[in-house]
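Just so it is clear, A, B, C and D label the chains in written order, and each chain counts residues from 1 on its own.
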């Protein structure tokens, strides 16, 4: 079994890859981009890819959302939540007062913006390809990095031979990044009672209230959304595709009916998978939307159609 | 085959009974009340009952609505529309100017209220059991009827030996009464593409917006209602049961899904039948709610569940 | 002050007239019909009319609903609830076993249908103009009444010289009739915190979901309906006007905004009045719909329009 | 008058700044970040800031959305649309075949991803602070830039002394970036009939269907949304703030009522301004939602409250 992840080693994605359910014993291979990771799975070069999809501070990871929503279909098999903590690290001998340029992935720069503004008010933020890459470049040949300190995970700092100048520098202490484990299309795992389902749906072009209609497919079945992100369709301003996570499993009657509803009212729907929730929560469906309610309604309908008296 | 109808002979109900689809050759027997007609079917004494359910001027026939909604289940098999035209009839020798009391069924009195007010401003309206009964009583022993003229169908007037004083005395020229042909529970006839479905549903007690939720079960599937009547539940003011006719057939996917939705959200639903529309109209379902849309959505769902890639 | 009510004396309407708020000392005059009562007010011959509008067993009083919804505008000033109890009464000397025909107003016949079916299974139901009229006619010249016993209020039976054969013969012990006190159009009384508002609204002809749209005007402002009745527009089957009572007073912001919403989306709306609830209940508005929420929103809007920074 | 914009000169933002309505003759000053631009306005150091808010390919500009939604209130005064076209530029003497690393702002890298994959399949994408910065760094001291070619606007390439290797390298020919002109809070400009309004609203924490409720505030008033973006609240996964552009002006009755509705149902709403649409479109409101409908409804309500008869 081969698993690719958004590298380099030392990023939070590697941590997520190490915790990916159902991948014990897999060979773990870092790749350079989300696209490369997903394409490796599409091409059969890897069985699974682990990529970030959402951050509690920065929001959706647009490159992942866009890559999952287009191209050959893929299937989300699991999710992993990783708490995000950053250190500010520099080459040995650098003092905090010496830091004039801070490098990191733009999401990390954003998550530490407040801390940097307070402790390094004059520092310039310099984007890097990843938090780990920022550490690696800074730990490489002296003077090559276009920054004096890097925001990264502590293991990446230590692996690059850097020293930690400050810990817990993220502005929001409870920040979490959510990763998904992606494979080729397959039947979903059985429902666990604590599941999530991910879909991508676009809106009909010429109908007002189309987003309302989309949401009603979930609301009338008592299904909460745990994530909704708009992504432009790329054709013109104001045309959107929505990336949505909802409670429940495609095999739950209320979810299957909602998905069929989306298929009817949206010009395009892509189902991306049903998988166990990382938080283990099992929300109680509102009255009338439990599995038993759907089963009873179906039995009642069968009675009507066969002419058996049904009150 | 035995068919009972709300008598006496000479009413519009007899006209409807004569036109009831699927009852050619049946013995037609008048009975004294809607309850008696429906109970004759329930007890097996008759195969079908023909009763009025709705009038374009007076609204729902509450005794029919209530009797169908309670007691042992029955099944509506067909509907019949009968244009309603009234004559004012009296014993031979009576002039219009002599008429001081006008007798008829309360619905007929209401439908001719304007004409009577204009031509007989001083006349008293006297309720009778039916339009035909009003004619019969007036045509019986002189002086026994508590009225001088009757509002009834012309055939009933002639059968009772009365003379017609005025024709087309209804205030609304296009008045129509709708009758239903009722049998014991049976599988519905096959869909014709121009069908109607009748249900009775009560609202959950303690939830605001319950009527809205009920209606959304139809609206989200693009189903128009052709009749909605509130009936008190009889227990306290403000608690209602709704009697509803909607477009379509229980075997149409959009209707079956809506009915199952009602079953889930309403504490009590009684399905009363799917049957061909008397007006032959075949409304086009809104985008996303045609049979083909439901079939395609179900096939798509089957693909998802089996792991076949579905975009 | 002159008050007319649907007579004759001895009916429940007279009881309601005696309890009508704000009419102490008024001369009380019975009239022959709901139309006559309301027209007396329209013509200035009376100040108020007391008419039944709703019964917990039989539903809306269609003649009242139709008369209030058309013609020159009127204004509901108050409501009165009267518990309904019936006796079976007959001429002195009549035994229960002698009764073969029972006369009363159709609503009363309906409300006692079960009791009559059980105790007088062979008896014929004969409609009368009112419960009190049934008693009066039966108490008049012997043999003139087309029935042997009357269902009426006990005082009416006694006033007509009848004897009570049985008490509490209504099928539903808690039956209540609701009456309204109607005057000429006037500014509504001040809100009491426990009010009701009555409107009549028709639906746009050619728009699906029009009833849903009407109800959303109430639902989005958190307003419960305490009564909703459909009435045919009289022009063709399937076209309705809705008679609606909702919680609250027209001067409550959430109610005034909902009424303006009705005015915008319905081709015709008739406001019939805001008045204190007879049951004294004061429902708590859902979050975001209290008067204070509307006041705060309006103040916020004023800030926006004036350019004051508003977060 | 002083206007700051997200620099450096040579970016599309400078083009937008040059076209910003109402800023003719202003001194135009580039600043290093969206935060810096908006804070310059907040502090009174500039009168206006021009910042990108949305791109037809890449979606919302998260740093702008987040900076407008928090901190001291600001006011959007106008919008500017700029078509986006990129060139691939390099130091003189560089051939396309020599390019192994391509540098630009991440949004530009994303918008040209397909072209680069086709023509430079082995090239590495390297993030830079802006498209113009990528050109400047590349045009600086030889060997200092961590890339061999830059994706940027043609004027920036020429200003930096670079040569154009390829034109129109964006994957989507019609790409457009939308910019906003931001000032300190002020009364909105008068409605033009072709306006847009921007708000930021968060959802109530513990209520299912909260997004649906938010959207209904617009839908029930017939208002289309032209942009909706979810942004995480930063506290935990699944909690969102929505950044919304809708049709119309805060002084239009349907918009003011919708905004007051948001204020009532959302725990936090920030109004960011009403301003003329750059595309000049003037959508016709659906039936019942035009200004005249609201005015008529308000006049009708005033009649009701004063007791004037209103049908």
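The working rule: a residue touches a chain if its C-beta (ideal position, glycine included) is under 8 Å from a C-beta of that chain, and two chains touch if they have at least 3 such contacts.
Not measured: the values here are computed from a predicted model.
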{"item": "Steps in the shortest chain-to-chain touch route ending at subunit D and beginning at subunit B", "value": "2"}
{"item": "Separation of mean Cα positions, subunit C and subunit A [Å, integer]", "value": "58"}
{"item": "Chain centre separation (subunit A, subunit B; CA means) in Å", "value": "56"}
{"item": "Subunit A-subunit D separation of Cα centroids, rounded to whole Å", "value": "24"}
{"item": "For subunit D, residues contacting two or more additional chains", "value": "216"}
{"item": "Contact graph of the chains (line, ring, star, complete, other)", "value": "ring"}
{"item": "Chains touching one another, given as label pairs in label order", "value": "A-B, A-D, B-C, C-D"}
{"item": "Residue numbers on subunit B that touch subunit C, as the complex places them", "value": "32-33, 35, 54-60, 62-63, 81, 106, 110, 113, 124-129, 146, 172, 174-176, 178, 208-209, 211-212, 215-216, 219, 222, 224-232, 234-238, 240, 286"}
{"item": "Contacting residues of subunit D [partner subunit C, same complex]", "value": "72-73, 75, 185-188, 204, 216-217, 220, 250-251, 256-257, 259-261, 263-265, 268, 270-271, 287-289, 293-294, 296-298, 300-301, 304-311"}
